[in-house]
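Next come the structures, one after another.
Here come two complexes built around chain A, the first alongside chain B, the second alongside chain C.
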Partner chain A sequence: MSEKDLKFTETHEWLRVEGDVATIGLSDYAQGELGDIVFVELPEPGTALSSGDVLTTVESVKSVSELYSPIDGEIVEGNAALEDDPAVINSDPYGDGWIAKIKLAEGTDLSGLMTTEQYEAHVKG
Partner chain B sequence: MLRAVGVSSMDELFATVPAELRTDAELDIPGPLSEAELARHMRRLASMNRTTDDVVSFLGGGVYDHSVPAVVRHVMGMPQFYTAYTPYQAEASQGTLQSIYEFQSLVCRLTGLDVANASMYDGASAAAEACLMAVGITRRRKILVARSANPAVRAVVSTYLEASDIDIVEVPFEGGVTDVAELERHLEGAAVLVVQHPNFFGLLEPVFELSKKCADAGALLVSSVDPLSLALLKPPSEYGAAIAVGEGQAIGSPVGYGGPLLGFMATGRKHVRRMPGRIIGATTDTEGRRGFVMTLQTREQHIRREKATSNICTNQGLVALGAAVHLSLLGRKGFRELAEQVTSKAHYAADAVSEVPGVELRFDRPFFREFVVDLPVSAHKVKDGLRKAGIWPGISCGCWYDDMKESLLISVSEKHTREDIESLASGLEAVLSPGGVE
Partner chain C sequence: MLTKEAVEVRKTALHEEHEALGARIVDFAGWAMPMHYAGIVSEHRRVRSTVGLFDVSHMGEFVVTGPDGLAALERLTVNRLSVIKEGRIQYSAMCNENGGFIDDLLIYAMRNGYMLVVNAANRDKDYEWVRSNLEGDATVADVSDATALVALQGPSSEPVMSKVTDAELSTLRYYSWVYAEVAGASTTLSRTGYTGEDGFEVYCSPDDARTIWHALMEAGSEFDIEPVGLGARDTLRLEMGYSLYGSEMDENRTPPEAGLMWITKLDNGDFIGRDAIARKIEEGVSERIVGFVLESRGIPRPGHRIMLGDDEVGRVTSGTFSPSLEKGIGLGYVRTGVDRGFSIEIRNKLVEARAASLPFYEHGSVRRRKK
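So, the complex of A and B:
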């Protein structure tokens, strides 16, 4: 589960693809900016999404952030552990803090997404 | 004042408004008055009012005339409360936040539900917001409203939803209470049923049955309750209401002319993030001292903007304070005693009035503080006749229910004496006797 295997978006989501299912979460940089996360609204399994659709919202004490789906697909599962402990996004954003799993639509093209190095440069720049 | 801002005339003050938008016509309003002249003018206007101090009033239907101790007004009148606006900063005005927190706590205790908000404009808008909340929770686009609920509340719910694609279906009543068979016909795909308990006619609704039917269909139950009734009746939490709302005017406020009113709303913990309005929470500061704070603000529009649960960002702080003070003065025992007095006087009045020839209690079901009687002539005529005797006998149901033009809704409170009730009965008898009504 190395960070190096991840793809990133400009809007601070990360993806890990295994077969035809992508696991998606919030980047370490984004969780640091948001502060303590107190609530995550999990998406319903079965919901169809297009790239750019709002996947879910993540709340800190005084702000709300939307997460966007980087791909077309269908929600397989939301991370139920976030209901009781949303702060795991802060402590383990790339591991236990995953947010949703999406089944990729056929022919999904991931080439527009950034690598870890590209994302880190994007965040610094 | 013109000099203080550095202009020489009213015209100069408005010089930045383009000339083509300004009028130079004389405004047709009277000239200025001195303080003494103004006071005299206002006193004359006020003397044209008739209040429940001048007449014997049996008006109810959502707004009730109770005795409010002077202490309530005194506390409300403290300038720190009286002149302050709704707080917007999350942690400022600890005293105000504490008083709202206490109000919320009292609403939770009365309704049996986990969380209450800081109050809303009135019971009607609270009911409308509860509908929106239910639509948000269930993602269904149809709501059911009991026709036995207060007509003004139903009208406000309609207005709120007018521009949306949400369907409103009215569930008829049978024998004065919501018809369960009719409810079942409409439950499929419904987000919510709004029922008033006790209802507009003062009757107790079959809330346990209604709740079960709703639950079976995946619809939520919103119960619009009379706060005083909660001293005697099972609270909304016990019959599975997802949201409780109601009109709090009766606790701590005068009748006014129908206002200001006080909406309250409470719900279970699982729905708290969908609840509109301000919510005050208790917390501790960095030194471990207790403090109060506006919480769960991520629901509100100053953070969520168009995705907020609601656009309401204020409350009825002063009126809520009055309610909290009144409740704390009554205490648990006093609150129950008040409710018991109101109920027994209402039942005494129902008996007295049913003795009058031609007057009949319309519904044969348990009631709380008000009841409907059928008259042999139009209720309006009877009201006109009794007004001359200094009695306002109640609300003519025909104003909202076309088939009830001879029905009168009579409401009784602890303020009514035996003599008041007897004068109502004898007044009715006089008006209904031959030659009594034109």
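So, the complex of A and C:
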């Protein structure tokens, strides 16, 4: 589960594609900026999404943040473990802190997303 | 949420300590302050379980002196100040002619006057208000820049503080103060706090703040002391149902609406706003502060609508996730008469709320000190 396989958005979501399903989460940088995450609103399976739609809401003690879907597709599953332990997003943002799985719409183009190196440069600059 | 260095932002004497501890620094009322260090939830739980240390040096302190000082302050504040003898402290408020809050504050009765401790965000406004409304032979001096302030809070506060001072702490009652040497520095030491736990606030010269901070962190290490930021300060006070100026109180809210008639004495002679407050009570207030807990998942936030069916009956003023209750809690102004059955509208969804008596958290160690 290497970070190297991930794609990133400018709005700090990460994406890992296996077959036609993408797993999506929040980057380590974003979880650090948010602080202790105390609540995650999980998306409903079956919901259709377009790229740029609000995927879900993640709340820290002090703030409410929206996650945006990087792709067109349909929600397969939200990470139910986040209901009881939302803080796993803070402790393991790329592993157990995954947020949703989305079935990619046909012909989805991922070329607009950033590589790990590009994303790291983006947050530094 | 990147932190930026603003040219005008002020730093407390402990700024380097916060940076060395890896604090997330934010601009609060023009001050660079630590929002959190290890994390709001862990800091909050640390204060409730053993002890934490806060830098609250950004707050304002004024000293009122002169033979007419008491009379002048009684005209400016809502509570009965005359009962507070030297060594005691009173929670009070200043109101305008309409009964609206200028600020809430603590008043320390000193030998030759009174020290007022005010909210950081209101320091300049409050100083101007006091200065221009003092009557008789009384003067006010703003000593904020000469005063640093750290707060030690938690059930283990007394054993920690006793390692760094010879002052007799076991007899220092809640809402009392003494002059004390702490870590060899001269201080005003009070048994006060904004967390609902036992604790102390230490007023010192900014030149001594670092010595005192390090001495308390060292003394507290046996109790797993942690530095605590403004984020946890807010979750701790909200669990106690304490009002915050700018949230539950502002110049358009009055004591009867805010649930603060317990500090407002209408039988103590005239004070600015007295008649307006008395009239409000006679007419009946249209809204009052209510505390509530969310029964389902969700976190209330300031501005969220409070609904009774399709009817908006109020707005949330403060809301957060309570680390102790592990539920959403909040305060809000609600139409008088509505005391149950309401919901909070969170992003277009209605989440049922249960009206709760305050404090939300009932196991604070401060209760054992209130003798």
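Keep this in mind: the second predicted complex is superposed on the first by the 125 of 125 C-alpha atoms of A that agree within 3 Å, B and C clash if a C-alpha of one lies under 4 Å from a C-alpha of the other, contacts with A are read in each partner's own complex, and residues count from 1 in each chain.
We take it that contacts are C-beta pairs under 8 Å (C-beta built on N, C-alpha and C of every residue); 3 or more make two chains touch, one makes a residue touch a chain.
Since the structure is predicted, the reported quantities are computational estimates derived from the model, not experimental observations.
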Which superposed partner A:T115 touches (first chain B, second chain C, both, neither): neither
Partner chain(s) touched by A:S91 [first = chain B, second = chain C, both, neither]: neither
Between chain B and chain C, more extensive residue contact with chain A: C
Which superposed partner A:E83 touches (first chain B, second chain C, both, neither): second
Touched partner set for A:E33, first chain B, second chain C, both or neither: second
Touched partner set for A:S50, first chain B, second chain C, both or neither: neither
Chain A residues contacted in one complex by chain B, in the other by chain C: 39, 57, 59-64
Chain C residues touching chain A - in the complex, by the definition given at the top: 1-2, 24, 35-36, 39-42, 231, 235, 297-299, 301, 320-321, 328, 347
Residue numbers on chain B that touch chain A, as the complex places them: 90, 273, 297-298, 303-304, 307
Touch list for chain A against partner chain B, complex: 39, 57, 59-64
Chain A to chain C touching residues, read off their complex: 33-36, 38-39, 41, 57, 59-64, 83, 87, 90
